[in-house]
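Dropping the structures in below, format is structure tokens.
Two complexes come next, and they have one chain in common, chain A, joined by chain B in the first and chain C in the second.
For the complex of A and B:
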């Protein structure tokens, strides 16, 4: 199994490296909206001193950490998997004695992430110098963030894969993805730290997996959570990881049975 | 007259395309409505926490959202689809046929593809602008409205010209098929007034990739905040941009030698 991953890594890294210029553009695309929201919320905080206790510096710190957390936990499965299902290439992979999503697609995601992270470092430093947030980082919280980030990626990867697998049934999978992204951006804490959402939306957010994949790691790294909250959030993460696994397995099994490759 | 006939022909062609993919259009319209809901929700959340954003009230931001959507609609009806067609044509050589036709080539590459069903987005944009204005309780004088319309047109002309410059640059650097990404990426920054952004970002979206010229500036005109010489300056910028870009386009076309040769 290890050998499979090693080979796949070499392959996918080489593939991603070939597209490094495109990757920079992708990063630019992805970067604009967090920076815009950072600017919007710091402006609001500056005009009135604070927003519900959050100062301009809090917002700057929040979004600077968000940039890193988002790269670490996000996934691009739909871009890899949906085309393979639609053009029938998945048939070849189904013949291999390893799960295509849990090997090839997973490694592809990680290679993309690794390259993105390298490109993000200089950009992040420039933004840090431009906004100069005071970050009080604590070794213990950073250590705790490691499992939180891995589980968060696991949840998003499994959910994203399950969603991409809808391509087995319909070609409208991109519209579904669009909808999923909008829900994610609102309830994960992309647009605003969740504490500022109206109470109704906060309640909805707590019932969804998204706050545990972005907002929780950010708050953890910023040292905003007490021991009880941390334990609770880790608990919710485990529940969602298990649920995401079940959803993924169910969709996969039903989908493969449904699959009749194009051109076969 | 000739130009109108060409547009008419392309319109007929694009109506046929749109009719072939009816359900796709319905899905896209629904998605667009969802994003509208998202954008309005985000404004509601911002103004639940503050009374003003960089000196602008909620009603004015609704109007700004309308202007931003107006510009975005222009981009998605003609600019993005034609970019795709242009880049592909440059790569596989089919652009040759465009240049062989007896009409202005810049005009041809700008109107070949028209995503007609997005015209519906124009309606939403205009409704947002009118509603925003109504909510603000501000009475816009006819002069303000005229300024607004003129600035919107010239702002759109500036962005269109920038696009022409960006794709014309590909004549020199053929492998540069990310030619318009920076423009597409920064479009999102137009949803909020430029005054909100830190100095460097304001410079970027005012002078380098002038999205603010097509969004914030027209609305400032509508609010009567611009001195006459500022308005004149922005209008002159529009004319200048169109002139420069068409010159650059012609220079680029002269360099073009076809993908196959």
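For the complex of A and C:
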């Protein structure tokens, strides 16, 4: 199994390296929204002194960490899987004795992530010099963030894959994806740190998987959470990881059955 | 058209192949296999588009209907039929990509559409128009990935690769990015990638499509040799009769999803096209009328040779009459061209006698 991942990594790395210009464009596109929120919220906080207790520095620190966490936990499965399903190319992968999503698509995501991370470094440094947030990083929290980030990626990868697999049934999977992304951005803490959402929305957020994939790791890294909160969040992460696994398996099984029924 | 090799009739006597397979069963057993697609059916135009949005009409397409056959180990069987006959659908069911609507199939003891890892590791499906290789990197990288996916040991991989390299002359082409390869080179790499794990059952869907005559001949020779060395069981579809003549003693013809013929290629031509072609070269008689002997086929070559189509059972009598009544300088008797036989076989009425 390890050998498969090693070979896939070599292949994906080489392939994506060929499309680095493409990748950079994607990164710049993706950067727009967090950087805009970073600029807007720090400006608002500066003019008002604070927003509901959050200072300009709090916002700057939040979004600077968000940039890194988002690259680490996000996934691009739909871009890989939906076209393969729609043009029938998935057939080729179904013929191989290895799960296409849990090997090829997974490694593709990770290789993309690695390249994105490298490209993000200089951009991040420039933004850091511009906003100079006091980050107060702590080794223990950073260490705890490692499993939190891995599980967060796991949840988003499985949910994103399950959603991309809807392409087995409809060619309009992108509309669904856009809706999912908007819900994710709102409840994960992209538009605004979750503490600033109206109480009703905060309650809804807690019932969804999204805050545990972005807001929780950010708050953990920034040292904003007490031991009890950390334990609770890890607990919720585990629940969602298990749920996401079940959802993914069910959709996969039904989807492949559908694919094989209509003409792979 | 390929000339008919003279030794072809010798192939009718099939060599006794070991019917090993699983528990003495032939490796491929298909029983009453059927596949019905539901296809959205709507007329052209905006009105029809709006209507179909609310109420979709479906039409049933019977792609494969109650097809049954068995294939013994080491056989190469040609799967023939016009476009849309159900060939690819059948191959997809046998390789596990499609669930049948009804019927059973057992390949190497597995039910294909359960897609067990053990099954996937012992078969392959090659589609001439599909690309299994990563596009932007050399084929060698895809080979190594397949080595990992099929869990081949270093020794097995090396042996397998050397054999394929030897047969296909892969050489330097596996070090070039796949997108820079010619179609023929890419097809060689595709075949190699699909056979590294030494499958014992091969489903080949148009493996020579789009290739030039030389490349086709090389692929053909390779398939024959692979089959000989590994005693692999092969089902092959092709629109090139040269492929079929060179590789398959037995053909299965399906048309409109139904099995029309299953048997030897020679027997097929005897049954479907029970006639022969007599070519005669007449001395000093350019405008002799030969209509009395048989159907004169259009066109004669520059030497003035005329071609007559004659019912097979009358060949001796007509030949004798020709020799007696006409100034014959040269006379040859030929089998009907295989293209003609197949074309007749695709004609629905052919088997209704």
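Please note the rule applied: the second predicted complex is superposed on the first by the 259 of 264 C-alpha atoms of A that agree within 3 Å, B and C clash if a C-alpha of one lies under 4 Å from a C-alpha of the other, contacts with A are read in each partner's own complex, and residues count from 1 in each chain.
By definition in this document, a contact is a pair of C-beta atoms (placed from the backbone, for glycine too) under 8 Å apart; a residue touches a chain by one contact, two chains touch by 3 or more.
Source: prediction; values computed, not measured.
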| item | value |
| --- | --- |
| Combined model on chain A: chain C and chain B, fit or clash | fit |
| Which of chain B and chain C A:191 touches, first, second, both or neither | first |
| Contacts of A:260 with chain B and chain C, given as first, second, both or neither | second |
| Broader residue contact with chain A after superposition on the shared chain, chain B or chain C | B |
| Partner chain(s) touched by A:178 [first = chain B, second = chain C, both, neither] | first |
| Touched partner set for A:95, first chain B, second chain C, both or neither | second |
| Partner chain(s) touched by A:8 [first = chain B, second = chain C, both, neither] | second |
| Contacts of A:29 with chain B and chain C, given as first, second, both or neither | first |
| For chain A as apex, the angle formed with chain B and chain C - C-alpha centres, to the nearest 10 degrees | 90 |
| Overlay on shared chain A, then closest C-alpha pair between chain B and chain C (Å) | 6 |
| Chain A contact footprint on chain C (complex, rising order) | 37-38, 89, 92, 95-99, 113, 115, 117, 120-121, 124-125, 130-132, 134-137, 141-142, 144-150 |
| Residue ranges of chain A touching chain B (in the complex, touch as defined) | 21-22, 25, 28-29, 31-33, 35-36, 39-40, 43-44, 47-48, 51-52, 130-131, 172, 175, 178-179, 182, 185-186, 191-192, 196-198, 201 |
| Residues of chain B defined as touching chain A within the complex | 27-28, 30-31, 34-35, 38, 41-42, 45-46, 48-50, 52-54, 178, 181-182, 184-186, 188-189, 191-192, 196-198, 200-201 |
| Interface residues, chain A side, partner chain C - complex | 3-4, 6-8, 10-11, 14-15, 18, 89, 91-92, 94-98, 103, 257, 260-264 |
